[in-house]
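Structure first, commentary second.
Order of writing sets the chain letters: A, B, C, D, E, F, G and H. Residues in each chain are counted from 1.
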Amino acid sequence: MEHIPLQYFLILSTLMFFIGVAGFIIRRNLITILMSVELMLNSVNINFVAINRYLYPDQMQGHFFSLFIVAIAAAEASVAIALIINIYRRFDTIEVTEVKEMKY
Amino acid sequence: MVEKREIILGENEPYVINMGPQHPSTHGVLRFELSLKGETVFKVVPHCGYIHRGIEKMCESNTYQQIIHLTDRMDYLSAHPNNEAVSLCVEKALGIEVPERVKVIRTILSELGRLASHQLWWCAFGMDLGALTTFFYGLRDREKILDIFEESFGSRLLHSYICPGGLMNDVHPNFKQRIKDFIPYFRKKLPEYDQLLSGNVIFKERSRGIGMLSLEDAISYGVTGPSGRGSGFSCDIRKSQPYSAYDRVDFKEILFTEGDTYARYRVRIAEMWESMKILEQLVDQIPDGDYTAKMKPIIKLPEGEYYQSVETARGELGVYIVSKGDKFPVRVKFRTPNFSNLFAINHMAVGHKIADLVAISGSLDLVIPDIDR
Amino acid sequence: MDYEDFNDNESLELFKKTGSDGFFMTTIDSLINWGRSNSVWPLTFATSCCGIEMMAAGASRHDFARFGIEVYRASPRQADVIVIAGTIVHKMAPVLKRLYDQMADPKYVIAMGACAISGGPFYTNTYSVVRGADHVIPVDVYIPGCPPRPEALLYGVMQLQRKIKAESKQNRMETRDNFI
Amino acid sequence: MKFLYDFSILTNSIHQMLAASLSPLWVFIIELVLVGLVFLGFYAILGLFLVYLERRVCAFIQNRLGPNRVGPQGIFQTIADLVKLLFKELFVVRKADKILFNLAPFIVIIASLMAIGAIPYAKGLHAIDLNIGVFYILAVTSLGVVGILLAGWSSNSKYSLLGAMRSGAQIISYELSVGLSLLAVIIFSGSMQLSTIVESQANGWWIFKGHIPAFFAFVIFLIAATAETNRGPFDLAEAESELTAGFHTEYTGIRFAFFFLAEYMNMFLAAALATTVFLGGWMPFHFFDFSGFNYVMDFIPPFVWFFGKTFVVIYIIMLFKWTFPRLRIDQLLTLEWKYLLPLNLLNIIVIAFIVLMGWHF
Amino acid sequence: MNPVIKYFSEIVKGVGTLITGMKVTSGYFIRPKEIITQKYPENRDTLIMLERFKGEVVMPHDENNQHACTGCGICEINCPNGSIQILTAKITNAEGKSVRVIDKHIYHLSMCTMCGLCVKTCPSDAIVFAPTFEHAVFDRNKLTLQLNKPGSSIKKGVKE
Amino acid sequence: MSLYEIMFAIFAAVILVFSILTITTRRILRAAVYLLFVLLSTAGVYFWLQYEFLAGVQVALYAGGIVVIIIFSILLTHHIDHKFDRAAWWNIISGSALAIVGSVTAISTILSYDFKPIAKVAIDSSVKSIGNQLVSTGHNGYVLPFEVISILLLAALIGAIVVAKKEDTNSEPISK
Amino acid sequence: MSSESLVLFFIIGVVLVGGAVLFSNYFAPKSSNPAKLEPYECGIPVKDGSWIQFNVGYYLFSIIYLVFDVEIVFIYPWGTVMKDVGLTAFIEIVIFFVILGLGLAYAWKKKALTWV
Amino acid sequence: METFDHNALQETLSAMMPGAVFNTNPQFVEAVVPANDLHKFALELKMNSKTQFDYLVCQTGLDKNEELSVVFHLRSTKLNHSCVLKVITSDRINPEFDSVFDIWKSAEFFEREIFDLLGIKFKNHPDLRRLFLEDDFVGYPLRKDFVDNINIVQ
């Protein structure tokens, strides 16, 4: 483990984060957008964990943080998917460009 | 947004799926065109004719003896009553009285056929519901009956044994003994059917309240046989217009009034008990005598129209013969039980799941060539 | 059962491979054929009365499974053999053809019963019966009878196994290509 | 006496032998390859044997003989099947998503393989012994459903899609019950490591030690695991009488064989897990203080114990399939969500209470 | 009933019925005596068919290669689907009279439905059913049989 | 290079390649599958860092949970024929420009900083210690978040049900 | 031998499936006809594509599943220490379960657990 | 045995159906009704409390060379008596009768079958298609003048 410097992890997670950002902007489909968000969340998790392991191996804050992030991501995904499917039922599409009027 | 509808179906549009003709649970080559909402069926269109063999047309160029072997092939699971129907109709037209022995033997055969048919139904029904072992137990017991058949008539399934005027040949000397052996055997095995399937909580959940058919609808659709009697339609021809030896045996007409799949199931199970009762009564009283009445080698029916119905394992089988005094009939029409039973399925299956449709069609005990002829 | 106990050995000889590959190929070929012949999964396809005897053949008394034929597949993709058990009428013929087409190679066909061979009881005077399933798809083994008893079906299956064992890859393809 | 059959001695000696002559990296690689080959063989042979076993078992249940013509007692039957399937045509339906269609069997097989690697077969005889053992198996098996969903979607067929959706809904639902019922033993033993759980049963299996709640958890586990492996009476995904062949309708030849294999291996996995967690894994059966009896029991090698118990559980699972009618999809989900899940939650609290009061042995 | 009690009693009852079912199946599992499978190809030598079994129509010949068929054609008429074709030939018999005898009694096994009408109506009982069933072939034409053996002749005493 | 490093390289490569594929593929289910691979190799990274429990959670929750329901929703809303339109060019340009600029900035910042491991003895990261911290109320105890998670889950559950069930009222029951 | 053996098993899986598929692809016979490549639908030509209509049930259950999955993940570490920690842990889990039980009860009441 | 008075039933029927002709038939009361009144009479037969023919046993199409007819076998499940109803037309090109599917539900499919095999049309029938044969089948096989040289082997 010692041979891999921490920076590698950080670079990895940065790249992943910005790929997520790019996906968020490029794709117009709600589910793909959700997936991009998951990518970003994931990259953040890698950061937390790596820094925890490298810099503060005597504690577990980073670890717990990611743990809770995963849980929150799950909760978020479940609500988001419920919304997406509801939008789909209403508009028959989940392209953001076509879902103009979000009224009930 | 609008043009996407072509490929993306919303929740409220019907969605059509085919079940059959090659499908394990349509018992042959029936095809259901299902319109679904989600997994709920809201329309069933049965398409038949995948085994329409033109039997009625063939009858018009066959003599009455030859017709017999065609009737076997309609409802092949209970072949005897089919043969019996034509024979009775011809005998009625000719005004022939068959010997007592023939009557009793015909009745026994009908009941044995009913037992065999119900056993096969039981295993097929179990298979439909996914209980795979029923298949083997049902057929295991059925083999015993087939042995009786084979010993006397030389064939296991399609016998062409009952013919106008009586029987093709005399029964085998072992006939009586075999039946006597069979009844106690089956009395032991039948409770197992209950333990395995009827009592099972999964089975009950899957069949209770499924496929309701009210009495009025049953009559209006002409659903007869055990399926009709599950709705309380008292349609047993054996009781209402007794033929052969049915007027002298004591049996109950099984009636359940719930009208669901479970009721139809129970009617058949109860009928098996009744059939065994009938067999027990008759097996010792087979009178001696001829196995056939005196018949001319070529039968010519007097001009007229004749109708005869019998109770097969599936319901009322009617034979309608129009004759012009020839050796060939002008028109033979078979009012087959399954034909009417099948078309009630749309009424019964609406609002249920696909799996329930399978259960319902299983509980109707469909034999497809009987529908298509 | 011995070779002599079977009938129609003459036809079987026709399938036998002519010429010879190396020893290795022959061994491989026979291994493959051994596998194929001992594991013929039938399609659940029964149109009428013969289907009941097919079911009986699968049941406890006769037990198809002893031959390794027990896995009835409902999807033609996974089946190896269609047992045409019953009458084929004109309305059904395209369906049968389609099912056959949709099966994966190698595939075999058994025509069970008089109807599937020639129309049987419905040979004359009817307007809707196909006189023999071999007008629709190529048939490997014919089992006469109406219905053939389960043992006869078992016998037919053994004949099919012999045929599979006898033929080589080229033969198989040729017979199919020669079918119109 | 306890450690009469300690396989770590064997593995250690192999390790030592290799280490004596090779560099550590090579030792490592060779060991990996060895383990890999052993498991490859084990997996394939076990799969073939299970298929054969099921056929014989159901044949006996149904008063018949089952395959008995290929080889003595038909044991080569499944090999013949395998050969046949290997030489059967592979094709992909038009308009199907080729990549995903090909990927699906990989996912299903890998999920089951990775889980099976974590089972301890005897003392010192396991490939992966993580300290999150139980949880790892749960996590990995939950991937299998992805394969099924992909298979159904990518084959562009209605039946496949319906079957995939059904089995997807079913597997994810029952995963909860599997997880919760395994939790019962984790509370008792205080560890998730499978080897520790087995060790903790040296003086009695959890199904006996854990009073009624443990037995209850065992029953729920059996039901839920049967459902999760898509076996009858929960085989809705491939309900022949409704959906012809379910999600693998369009699969042919060897690809189909892998789904078939995965089903059996998952069944084995379920049984092995039940054995490990509830029935003491490779621990012999001990009867209180009858030391003579216990002494005899100790002589039976641990893997015999393990496979013996596993096959008993497998037999029970097979019995389920061959006895019961299939459930309907809504009943299936009702069973999980309205019966198993609440009861399971209740059960956990009861167990926690028992542990709290120290009532367990 | 209290819904909670009902909930639990339902479970108990349901499980009870399931166990009853499993008792039946595992009962058979542990009683292999009840296996009824007859091993067809292995038991071929001991397999005795019931004598009335209708496997195919045959024409019995005696040791002199003689049969009882007069070639009257009644079976052909009675067969519902034309499975029998009678080809007759004219020969001069011993007394110098020219008589019609059977030349070929063609029987299409591929079409026969085993209805038994031909056997029943044959006036001289020349044909009977044989309890054989091993007929499967690779070629459909092999199923067209000639019942009278080549070179056979009619038995004495069978009236024309 | 030791085996450890190779493994890290593999994981990193898989993560990067498949995350790019995730956002560039035009078939949505493939995107979901690629995402699955990304998440799995992330779990691999956690494993590599010896946070086994976290890796397990990653597999069970992310790969086995979130991805599965994403796939589910795709199955419900997309047909196999469905392909995305090509994204508009300004979207592509702005998206990738933002990504490139952002990552270059961030990476240069990261590289310019020298992270010093605070050399302390690593504590045991087994499930036991995780569990202990999770239920402990004292210092380094996470019992509050643990309970709050349950409330969050409750909220999510209710929210999802409310949203999902909303339209059910106007879909009339199927008439006989 | 932990994370390596995971990769090892991954590789075994790939080798097993990939090898067999490649082998079979190479040796198995091939033939093609138009009907073969069409999806199977009981022998009837397929009409409109393989689109099935979605059912609210499927996604409702999957969503509820996700919520409970998270819960299980969190009580696993709790389970391992229940024995050692004792009363505190017991009280905490009771609270946790009560809150979740409320969720389940809500879903039950709202008929979200009923298949439609 | 059917326990009803043959003659009494015939009287009741003739009172209910003016214009019907009664044939002698030893088995059933057999009435030939004018085609135009078919639906009206059928409804009356079902509804009238004296007859209550609620069960259509069988509906047959008949071709007797010169005329086409449809035969109804009716039975009453309550009063346990039966009768036969007939309608006849000599129009072989375009025979048409009223549909009775709204009176007896089973008639819907009997009528489809008759249409399929004999080419008799039914007015107001909801879904008059071929039932057994392919949709592109030419001719009506149960008619006496049906010829099919390819398939019918004598």
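Convention: a residue touches a chain if its C-beta (ideal position, glycine included) is under 8 Å from a C-beta of that chain, and two chains touch if they have at least 3 such contacts.
Source: prediction; values computed, not measured.
Colleague: I need the common contact partners of subunit E and subunit H, sorted by label.
Modeller: Chains that touch both subunit E and subunit H, as defined above, are B, C.
Colleague: Counting C-beta pairs in contact, does A-F beat D-E or the other way around?
Modeller: Between D-E and A-F, contacts are more numerous in A-F.
Colleague: What whole-Å value do you get for the distance between subunit A and subunit H if each is reduced to the mean of its CA atoms?
Modeller: The separation of the two C-alpha centroids amounts to 72 Å.
Colleague: List the centre-to-centre spacing of subunit B and subunit F in whole Å, with centres computed as mean CA coordinates.
Modeller: The mean C-alpha positions of subunit B and subunit F differ by 60 Å.
Colleague: Determine the centre-to-centre distance between subunit B and subunit C, using the mean Cα coordinates as centres, and give it in whole Å.
Modeller: Each chain reduced to its C-alpha mean, subunit B and subunit C end up 30 Å apart.
Colleague: What whole-number Å value describes the gap between the mean CA coordinates of subunit B and subunit E?
Modeller: 25
Colleague: Which parts of subunit A, given as residue numbers and ranges, touch two or more other chains?
Modeller: Touching at least two other chains: 71, 74-75, 77-78, 81-82, 85, 89.
Colleague: What positions in subunit C touch 2 or more of the other chains?
Modeller: Subunit C, residues with two or more chain partners: 44, 59-61, 63, 66, 74-77, 91, 95, 99, 104-106, 121-129, 146, 149.
Colleague: Going by the touch rule set out above, which residues of subunit F reach two or more other chains?
Modeller: Answer for subunit F, listing residues that touch two or more other chains: 2-3, 48, 52-53, 57, 60-61, 64-66, 68-69, 72-77, 79-81, 127-128, 130, 134, 149, 153, 156-157, 160-161, 164.
Colleague: Spell out the part of subunit F that touches subunit A in their complex, as residue ranges.
Modeller: By the definition above, subunit F touches subunit A via 2, 4-5, 8, 12, 15-16, 19-20, 22-23, 28, 31-32, 35, 38-39, 42, 45-46, 48-51, 54, 57-58, 61-62, 65-66, 69-70, 72-74, 76-77, 84, 87, 91-92, 94-96, 98-100, 102-103, 106-107, 110-111, 115-118, 120-123, 125, 129-130, 133-134, 140, 142, 145, 149, 152-153, 155-157, 159-161, 163-164, 166-167.
Colleague: Flag every residue of subunit H that touches subunit C in the complex, lowest number first.
Modeller: 132-134, 141, 146, 148, 151-154
Colleague: Within their complex, state which residues of subunit C touch subunit B.
Modeller: Within the complex, subunit C touches subunit B at residues 43-49, 51-53, 55-56, 59-61, 72, 74, 76, 86-87, 89, 91-92, 95, 99, 121-122, 124-129, 146-147, 149.
Colleague: Quick one: which bits of subunit H touch subunit B in the complex? Just the residue numbers, please.
Modeller: Subunit H reaches subunit B through residues 1-2, 25, 27-28, 30, 54-58, 60, 62-64, 71, 73, 77, 80, 84, 104-106, 108-109, 113, 117, 130-134, 141-142, 154.
Colleague: Mind listing the subunit B positions that touch subunit H in their complex?
Modeller: 48-49, 52, 54, 56-57, 61, 92, 217, 219-222, 233-235, 240-242, 304-307, 309, 316, 318, 320, 322, 330-331, 333, 335, 339-340, 343-344, 347, 372
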